[in-house]
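What follows is a set of structures to go through.
Okay, so chain A shows up in both of these, paired with chain B first and chain C after.
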Partner chain A sequence: MTDQSLEGVPPIRAARLPLRGIALGVAALIALYVLPDALSNYWLRTFISAAALTIASLSVSVLFAQVGMVSLAQFGLLGVGGWFALRISHGLGVPFEIALLSAGVSAALVGLIVGLPALRMRGLYLAIITLMMAGAIQVLISAFGFPDGGPGILGKSTGARLMMARPLIAQGDGAYLRYAIVVTVLCYLLVLAHVRGRPGRAWAMIRRSEVCALAGGVDIVAYKVWAFALAGFLAGVAGAVLAGGVGQLDGSAFPASQSIMLFALTIVGGAYSWFGPIIAGLMLRAFPALLNDFRVDGNIATMVFGIGLLHALITAPHGIAGQLSDLAGRLRRAVGGERKAGP
Partner chain B sequence: MISRQTILAAVIAMLAVCIGSAAYAADPKCGANTGKAATGEPIVVGGIVSITGPDNFSSSGLAAAAYFKCLNANGGVNGRPVKYLLEDDAWNPEQSSQVAAKLIRDQKAVALVGNMSFVDCGANQGIYEKEDIMVIAGVGVPRDCFFQKNYAPTNAGPRVSNTKAVMDVARTYPGKIKRVVCIAPNIPNVGEWSCTGAVAWIRKQGGDGKIIAFDPGSLDATSIVLEAMAFRPDVISVGTPKGLAVPIFAAAEEQGLADKVHFAGPASLYNPDFPHAIGKYWDGKVTVDMELNAATAGTPDTQNWLAVLDKYGQASDPRDTFSQAGYLAARVTAETLLKMDPAKIDRASVTAALRNVNRFESDMFCSPWYIGSGPRHNANHAGPVSQVKDGKLVPKPVCIESEDPELDDVHAFEKTIGIAK
Partner chain C sequence: MIEIDDLTVQFGGVRGLSALTARLPEPVTGLVGPNGAGKTTLINVLSGFVRPTTGRVGIDGQDLSDIAIHKRAAFGIRRTFQNEQVVENLTAADNINAILDNVPTDGQPRAALIAQALEFVGLAAKGNVLGRDLNAYQRRMLEIARAMVGRPRLIMMDEPGAGLAQHESEHLRDVIRRLHGHCGAQVLLVDHDVDLISATCTATLVLDFGSAIAYGATASVLAEPKVRAAYLGVLEDAT
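After this line comes the complex of A and B, so read on.
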């Protein structure tokens, strides 16, 4: 139902992408140089998590805004990526970048499996199927846990736990936040390259009408699978960034409900805007941290998110990012109007 | 002949002594016990507990907070008050890592005290080692809490606790306990690990054991009980939190198992409500481990803990085993700080001083507790057990030393500091 209620929303307009790209680049550069030095250690760690969740939200956005498909398994895929990143990092002692890419590739492969039902389903049924996949991932993770430096396939230690090695150039929290922001920007550029290329055009046709896309010669199966693989890759990378930030991952932190929360807040943030996933990442991690810093019960965040989702579904299908964009447009028009009215 | 006045004087004197001793018992002793509030530069001490989330798991931190308030009202650390900052990790490893960075790097805490969390030990091992800060935890649960150089819990942990419960049943029925089943939730680093001590011990005695790990999110108590009985056990240890244990005991009651198998459980079942929750059927038939001596023991330190909570804590603060553990963590830290030069208290000196604690006595422990410079800490491995009786958990008047083979390195270290012979 959710995607149907938002069917009338136009996709990202290619003509405006360069401007947005420039804005994204400028924002990233500012964040890269100013943010880490201005933050306390509490907020450094919070923003590392927020960066990881921004990438995860971007993976939801790719499927929902570009192809019109709802996947409720993306947070589970983040766990899959984190699992592989930890196992490869501990087992082979490879550089962080290799673990990061391996996490993306392994989650992309699992994402392909998650996406197989999408070849025949969409809407509510696809959402339910992917939620069941997230539940299956939750069961596996809670049963076996994350690798912590031991031998064997599961990598479970019987003694002291190993922490995942961070990149050589980003050992401290400040440097790692910069690193996480760079990875986030690279993920955005990867998505942008897809959206502006052949896959983006094919996804747009599939989103409008699969029949028309088929008539237009679009290989629907291939492009849907491609979208799920790309979204899985992004979720896996997010898992590796998160694992590097904390040093390890906990089996209890990947319930299926988190996948629903990730999807909901991507809608609230604005799935159709490049800024939406950033808002979603901040809402998922920075907002509860802010409440906690003021000693307010973090569970209140969940209530606020519920109200935000209702608001988005009823009055703001573009999400917060859309509202900010509208506000900026009104301001531009107001300023332009004043100029025209002047002498 | 004794005159009436003499008898009256004796009665008044006895009353005065009684009133005086009662007032003495109700007046808590903390630190130097000067009765004067500390006013110097605060010493920052942190603590991480789980307040929000699936359950409020914070009584250890609350007891530590009460003790530090008492300490500050009684001279503090040679005139310097302790600024105790208690943070909530909400059972979330990411949040745990964030609040650890806040306490250690932003607030410059010299030590963390009274921690009580399922996720803290794993999530923050890296920062504890990197910053070389000691954590005198109240309650360690997962395996990670007992395998770190910088993490010393005052409690025994679920593995030691399970082992002691099974050992007590075996000693109560000599020669009759050969097969043990241990039931635990499949929480990584907690569930199966908490059972392997009991199973290893019974195998060492020539018996056999089996671990049943289940998903706590989908508990099917009858299936678990039937699976346990298929092993033909002599003892079933229900190594779960109280909320999960009650349906398992109900399922066992439906099968009429109390007269066929002995039932036991770790300290997670040591809760005053537990006997009522499982019902009269189990009267005299369940052994529950205690990580520390009973809250009702009436010994001096137990009385002091209760007095500290009454005067400096909240009425709603739990008076449970975990609260005892938090009080002990705060007490050992305060007593260590009191021995230091107040002008030279920083993280490095506090870490070094805490690692030098090779003997700490309390009547809540069965044997001396210590921190030491060893690579890991599991100093509390001896304690009493209790029996469900007349709607209460009645302590047995013996201390049981856990014979978990995993403690071999701990015993070896204890010999080097003179704790073990």
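After this line comes the complex of A and C, so read on.
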């Protein structure tokens, strides 16, 4: 052994993870009980969208941080999920939860198709192929639009557009925000169950290298497909949450460029950290709204995001979340140092 | 026993292995030869990364061409890599757990199997340390721990001794010598370090230009003039 001095170091994992879980739980509880009552209608709707975009960013980070794959189609899949949620909700009048789940499942199936090239391609080529898929979804959505209570398979009404039915327990904006946050937490738990379990270990091996995974007996095809299906499911759920929040979706709101924006901001927020997607969701929706509130054009946000991306690529590979936890670590050490120095 | 029959591997115009036939029954077998002799190619054929152009390889009478690459770990073919492949964002224990996901555990509790493997390679205190925080030597030992869990039949090590300090190298020898007795797997060891090979391997196969030029008890094989000529670059007349 080269460093005998480290032998007695206590296990790291047991000490850290509960803290993280408690922090997450406390943050979620505060968000659930305090936020909705304190917010105006405008901000309620903004945070509902931010919750949906957090789930979408989570789907990007599952692929990128866990498996090492770049998908630029996730915002398109959000549109797919939104389409199916609206279609099923208007067409069958089912409870919101059923529409939510079927949106997830249908986007997972489309996500699976998006992921098929991933079995043969990597890196830039995979990114370009998935971007083309996002483009294809954009063309379909802008050609056919979203269902809004009309007849037929497409469900386009010629008269007044109907709103999507919200969950029975969450009709108002405040209640729906709470509902959206609970859905977000459930999505996080779903991802956590994967990462802690067998799929997470297999993904980590694939990310290390494919020879490593093969020599360890990992069925690379199955686990890559599973990752794309899970990411598609999350994006679909995000689409349904968004559709339920706004009540209807705009056919022009799902260009392929939004998929790139979603990916870029997931990197800026910090794909490797659990709160990176939350930062990304807030930046995508709350930050432009904040600028609007200050009577500054919200589109300036795009320029800020560009600068943020450059900053992330050059100095902060783990994004804002990584910088925050570095800062927290430094503070903890500073506080710990003071304590030691004291009596 | 490793059975290699008339094995040829062609990479375009280059012949990695050329009609190689061998039977390797010893518990710890060395595989030596100059650079480009086909040592790593042979390991890659056994792992399934390289498909033989002609010929076959088998373990204990089972033809390996029938076993898909990702099923070979469960069958019992394990390896370490020349460039170590420890997963950096998993702990040492989870690195082993990731293998246990895909290999038979015979109903034994995983925690016990992991603790046993870490103990065997001298990493008992490192179970909760992330792969990225292990040093080069600990990573090599962790790779061996990953290879030895869950009923292995053949453990192949590609230059495990490269870049190790003297006392680390001695510990590695000790681990390799005890490995067969501990888990019952046959060990195939590729290394340029003749001392390591002589200290651990009962038999040695010498490759040159993709063919076997000698096989037998390690000491006598390494003393053969044609082996010294191929391996040390000494002219046969001169020795």
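Following the convention adopted for this analysis, the second predicted complex is superposed on the first by the 325 of 343 C-alpha atoms of A that agree within 3 Å, B and C clash if a C-alpha of one lies under 4 Å from a C-alpha of the other, contacts with A are read in each partner's own complex, and residues count from 1 in each chain.
Simple rule for what comes next: contacts are C-beta pairs under 8 Å (C-beta built on N, C-alpha and C of every residue); 3 or more make two chains touch, one makes a residue touch a chain.
Predicted model only: the values in this text are computed from it and were never measured.
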Touching partner for A:Arg198 - first (chain B), second (chain C), both, neither: second
Chain B versus chain C as contact partner of A:Asp250, first or second or both or neither: first
Touched partner set for A:Ala143, first chain B, second chain C, both or neither: first
If touched residues of chain A are counted for chain B and for chain C, the larger one: B
Chain B versus chain C as contact partner of A:Asp219, first or second or both or neither: second
Chain B versus chain C as contact partner of A:Arg208, first or second or both or neither: second
Chain C - residues contacting chain A, complex: 47-49, 69-74, 78-79, 81, 85-91, 94, 97-99, 101-103, 122, 125, 127-130, 135, 137-138, 146, 165, 168, 171
Footprint of chain A on chain B - complex, ascending: 52-53, 87-88, 90-95, 97-99, 101-102, 104-106, 118-119, 122-123, 125-126, 144, 147-148, 186-189, 213, 215, 217, 375-376
Of all residues in chain A, those that touch chain C in their complex: 1-3, 6-9, 11-14, 198, 201-202, 204-205, 207-209, 211-220
Touching residues on chain A, where the partner in the complex is chain B: 40-42, 44-46, 49, 139, 142-146, 148, 156, 159-161, 163, 173, 242, 245-253, 285, 288-289, 292-293, 297-299
